[in-house]
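These are the structures in question, set out in turn.
In the two complexes that follow, chain A is the common piece, with chain B as its partner first and chain C second.
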Partner chain A sequence: MKRRHLLATAALGLGLAFGGAAAAQDKTKACFVYVGPIGDLGWSYQHHQGLLAVQEAYGDKVETAYQESVPEGADAERVLTQMALSGCDIIFTTSFGYMDATNAVAKKFPNVKFEHATGFKREAPNVSIYNARFYEGRAIQGHIAGKMTKTNKIGYIGSFPIPEVIMGINAYYLHAKKVNPAVELTVVWAMTWFDPAKEADAAKAMIEQGVDVIASHTDSTAPLAEAAKTGGKVIGFGQASDMAEYKPSPRVTSIIDNWAPYYVKRVGQVMDGTWESIDSWEGIASGEVELGEITDAVPADVKAEAEAMRDAIAAGTYHPFTGPINKQDGSVWLAEGATAPDGDLLGMGFYVEGITGDIPK
Partner chain B sequence: MGWIVLKLEKRPSPSVFWSRATPVLAVALTMVAGGLMFAILGKNPFEAIRTIFWDPLFGEFAWYLRGQLLVKAGPLVLIAIGLSLGFRAGIWNIGAEGQYIMGAICGAAVGLAAYPTESRLIFPAMVIAGALGGWAWAMIPAILKTRFNTNEILVSLMLVYVAQTVLAMASTGFLRNPEGAGFPGSRNFSGYPAAANPELIAGSGLHWGGVAALAAVVAAYVLLQRHILGFQIKLSGQAPRAARFAGVSPQKLTVLCMGIAGALAGLAGLFEVTGPAGQISIDFNVGYGFTAIIVAFLGRLNPVGILLAGLLMALTYIGGEMAATNLGLPSAAIQAFQGMLLFFLLACDLLTNYRVRPVFKEAR
Partner chain C sequence: MFGGIDPGLLIASLMVASVPILFAAVGELVVEKAGVLNLGVEGMMIMGAVTGFITAVQTGSPALGFAGGALGGAVLSLLFAVLTQVMQANQVASGLALTLFGLGLSSLLGQGLFGIKPPLTPDVPFGPLADIPFIGTVLFSHDPLVYLSVLAVAGVWAVLSFTRAGLVLRAVGESHDAAHALGYKVRRIRVLAILFGGAMAGLGGAYVSLVRVPQWTDGITAGAGWIALAIVVFASWKPWRALLGAWLFGGITVLQLNLQAAGSRIPVEYLSMSPYLITILVLVIMSSGRGRAALSAPASLGQNFHAAR
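Up next, the complex of A and B:
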């Protein structure tokens, strides 16, 4: 009762809205907000694996909580506020659409640490942003796609036209084109992160057009399920999670988001007081992006090339965006031998030369 | 030999007692069945029910959550009031979600066009644009119905999906934040005071949307009790032929009811986008337009009932969120719990129009 009164007074009196509700606890509490259900077997599932890793790493010293299927918008702000009030010391908001809500709530709770995935705003000193270099995995998928397609038509199911997705499409296309100049790319925008019915429709439409390699940037296994119905004619990739139940085909490999090392590290830093606001963007080298097992459906030589590319990226000797690369309109983006600066990638709003169609505007 | 069977007998007129009592009974049954479900999921049912129904009102953080009830209930009540008028007259506007979206887009467009001008006139202009946007979107099914006798249920519902596509276009195109590094979503109104709809009293959760909702409740109450239009609406629903003889034009009534519902839904969208949501984004709509249909019926299509139903619905959302975070209940269980509420309400509704009577049957 006293604490409630104190808080209410602080809220009204200081106009600061909220005091430090999360202070003075024995256990460190790490909380997670997911955009989909943890059973999506993709994006949210992988973040939840990170939560489990945190729990396992610190055992009794840490308490975890999460909420799934939180809409991006006004509801997110309330969920975050509730979490901060209920004593969370660090809150991971795991979808792009939580960006403004994360920053707004962070300003009201200066003692709580906030970590926002895939966004670009850090408006308070207690907000960090983190992301993974998924485009590194896309490059490898593109290589496999270019080698494996028989119809020379490959597809990509986009979620939303944000830089994150556009750079994935560009990396995929560039590396397919490199090994197969005749390749054509079809992009379908699903305008959702998780909607198995819509994702299946997108895959079906592509298959009808003769597309035989489908990459997807949405979170469910529905595109692979559609590919599986073609009796081996169409292949695809696991997205976010390994999606191993579709091995050895249609899932020939996968991009696995491995958030566990980052989450364990950051929660640990909260515990020992060394947490600082950072902008983290790790890739294959540090293990945040993993390439799932390449199955026997892929010829041995292609598999070897793909693995060589993975190792070169990990070693830092190869950058998937190395010039010469032109933009779709023919203007020069990267000169011969130049690699893409991170700023260009994070604000990417254009297709590279050769991709037909427009980014939705 | 014989046995007793329960027989349903239609009442000559709906029972006033049961029409008031069924919502309470439905809530009670939901608690029992929901508690059972939570127990099966391995959670303490009493703790779960307490977290959902008690904690947001009287728990440790009630000072914050009570305000959030208003944030959540405001748009539900505002939309449901508009819908209830049509439902009473037998006009089935199912597309409030689309009207809500279009109101938000039109209102936001006016505000964003004025950016960064500071003027007291901007917000009122946005409010009018929001209402007009929702009204215009509702006029499509209304006019198609009156001119070509199309089914307003289907047309208004389909227009929700059109509105969602327009929303996606707005967030990635014509309303996109030019300083947003290519990401979808408009500017955030919280950074533009002339167009923002902040809390009127800090921490209260009350913004202009809540005020509008209360005003709508009062206006609808007066309309239905004291105004000839309210009488015509009620009459058209209960006895369409009699209404026609009394000189009520079904066409006019359709246009009017759809228009009011659309305008109120549009207003709800405008207050939401300038207040709690803050910006136009692809996922701006979270289903208020559909949930409001449940709220309208839960409140017996009565303005005061709708106000209470809106608050109850908001309570299950906010309490449900608390239960999900604090007790680790899956979000699907919370949705099932809310579904139970509607299910029991509809089931109990039987008692309003029918009487259950035991009948002794002779063995043949």
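Up next, the complex of A and C:
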């Protein structure tokens, strides 16, 4: 008797839960998965700013939820499944490593929309991919690095050897080399997106070897904090977020990821039913990639050149990967005047000519 | 110079890199010597990191910041002490819970601290000594906490080996029933050991947020507490070996980044896994053959004690 009673209660509870889900249908639920803590002041922080913008844009009509520091791998699949079950209408997975998990879970929940950042797989009709052309910002950073370095050694802290990062390294190097043929690039792979102590150590190792301009592709401000200890001898760039607290030096400018317009647009499309699976890759022109203020630590002429390059990229008159460009092994990648097709960039697995070292497999 | 790497600078930076795990490991070593297994090191470290950061920013004094960090770690460990020594809760579960709680609480306390820079911790002024080539770089160019970490190892070693207090602590860890029969206050001693462990972990955490990465971000310790726990086992509960372990681990981490920066031809994958590989290797060597006896853990490790039982 008792057991039956229990079952009945459970059934009732289940019914209530479903009823609750049904009642919540008029509210659109947007969910976000972050790879780091929202307090990283970098990558995940910027995505969270996007969530806040969605909340502000739609107010009561939208409900948001997020989970931070979700490891890339099996855990991600579990988190995504849970989110889909909890009534999310659209789920943004904001790191490259969620690619397979996103597609796997999307197949199981055809009614939930999935948006995967920085990936290249769309295996289900309810998966979209979106990215920003960060390499455009990297090109400008490279120009500044080439002009500013006194030791002719510039550095790049890589996270993982994925096209996204390799693209950044190549753009950075090409534009430094263009203005300073003597420049040498040192790449250190941290093999993590977020580990402040390790990022600081990587920056320190570079500084000890004479590198005086450091760009980083990891998520914390630790490399800038390390550069700040040198008292102005070493400069760096804000990554993902403005990192304005390190102005005017070592942070001389920054790449700011502005996801808010995209998130607001896409959540709006879910609301009015016009959402479609797309492959979005916008850059400086549409405002997804912003260049942070160039500080006075940069000479006025260099600043003017950097801003001119930004404007040219925004106007579509200049592509950061314009030939002639050779691959590291000397073979031709882009002929004179040719610009890189998006497909080449999204699958980029090689360094351009002049960079030493190998990309980890 | 070996391929662009200056050995003096390398040794100096490995000493700095291992300070947080060394503090935490030495503290945990004392806790485990008293027979308590506290898996909450990561939680206590990050609490120390945030409370130390807050104190240093509020007072403008790095020294007070470190004191605040130690206090923060100790206060959190008090929770563990109450759970396991008073309420007789399971130590493994309580320790894991302490880590999760510490991570969450630190994140809460750290709201609004983003972007603030803490006061700089100055190096100990050794004057002309610091200018001696190599030796000056390695020995005389650090902040006070680096020296304190080595002193802590020496102090723990001396107390455990040569003093009555150390003997009692070890007795409690080896056989709490025998120690109780002799009239020692097992629980009180264990609570004190836990508090010491918490303070040391907190100090290590404060070093991360005040010196190594002078800023606050969520999850700043990024797993250092777990490495400290592993180093205690690696050290087979001997303080000097904990120093060796911490330097070895910190050293290889720094070395692999330096090798990459110097353009070494060794693939990055091997370099990245090398700290862990070498740790495993040393563990295997130490636990084989005659060394096996030396690996013995305190006999009452992880067991709760109740006088009425």
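The working rule: the second predicted complex is superposed on the first by the 337 of 361 C-alpha atoms of A that agree within 3 Å, B and C clash if a C-alpha of one lies under 4 Å from a C-alpha of the other, contacts with A are read in each partner's own complex, and residues count from 1 in each chain.
The criterion applied here is as follows: contacts are C-beta pairs under 8 Å (C-beta built on N, C-alpha and C of every residue); 3 or more make two chains touch, one makes a residue touch a chain.
Predicted model, so just to flag it, every value in this text is computed and none were measured.
Participant: Put the two structures on top of each other at chain A: do chain B and chain C fit, or clash?
Facilitator: Clash - chain B and chain C, as placed by superposing on chain A, overlap.
Participant: Examine A:Pro37 and indicate which partner it touches, taking first as chain B and second as chain C; both and neither are also allowed.
Facilitator: both
Participant: So in the superposed three-chain picture, is A:Val187 touching just chain B, just chain C, both, or none of them (first/second/both/neither)?
Facilitator: It touches chain C, and chain B stays clear.
Participant: Scan A:Asp296 for contacts with chain B and chain C and give back first, second, both or neither.
Facilitator: Touch status of A:Asp296: no partner.
Participant: Of the partners chain B and chain C, which touch A:Asp311 in the superposed model: first, second, both, neither?
Facilitator: Touch status of A:Asp311: no partner.
Participant: Per the contact definition in the header, classify A:Leu346: touching chain B only (first), chain C only (second), both, or neither.
Facilitator: So A:Leu346 only meets chain B here.
Participant: Just to be sure I read the superposition right, which of the two partners does A:Gly357 touch: chain B = first, chain C = second, or both, or neither?
Facilitator: second
Participant: Given the touch rule stated above, what does A:Phe96 touch, chain B (first), chain C (second), both, or neither?
Facilitator: Touch partner of A:Phe96: chain B, not chain C.
Participant: Please work out whether A:Thr81 is in contact with chain B alone, chain C alone, both, or neither, and reply first, second, both or neither.
Facilitator: So A:Thr81 only meets chain B here.
Participant: Who does A:Phe120 touch here: chain B (first), chain C (second), both, or neither?
Facilitator: first
Participant: Taking the options 74-82, 218-226, 236-244 or 344-352, which segment of chain B carries the C-alpha atoms that clash with chain C in the overlay?
Facilitator: Given the superposition on chain A, chain B and chain C clash at 344-352.
Participant: Taking the stated contact definition, name every residue in chain A that is touched by chain B in one complex and by chain C in the other, in rising order.
Facilitator: Residues 37, 68-69, 191, 360-361 of chain A touch both chain B and chain C.
Participant: Which part of chain B faces chain A closely enough to touch in the complex?
Facilitator: 60-65, 68, 71, 168-169, 172-173, 181-185, 188, 190, 202-203, 272, 275-279, 281-284, 286, 318, 321-322, 324-326, 328, 330-332
Participant: Report the residues of chain C in contact with chain A in the complex, numbered from low to high.
Facilitator: Touching chain A: residues 4-6, 9-10, 13, 17, 20, 107, 110-111, 114-117, 208, 212-224, 253-254, 257-258, 260-263, 267-269, 272 of chain C.
Participant: Which of the residues in chain A end up touching chain C in this complex?
Facilitator: 36-41, 68-69, 155, 186-192, 194-202, 204-206, 208-209, 211, 220-222, 225-226, 228-229, 244-245, 356-358, 360-361
Participant: Taking the complex as given, what residues does chain A use to touch chain B?
Facilitator: Residues 3-4, 7-8, 11-12, 15, 17-18, 31, 37, 65-69, 71-75, 77-79, 81-83, 85-86, 96-97, 100, 104, 120, 160-163, 191, 346-349, 360-361 of chain A touch chain B in their complex.
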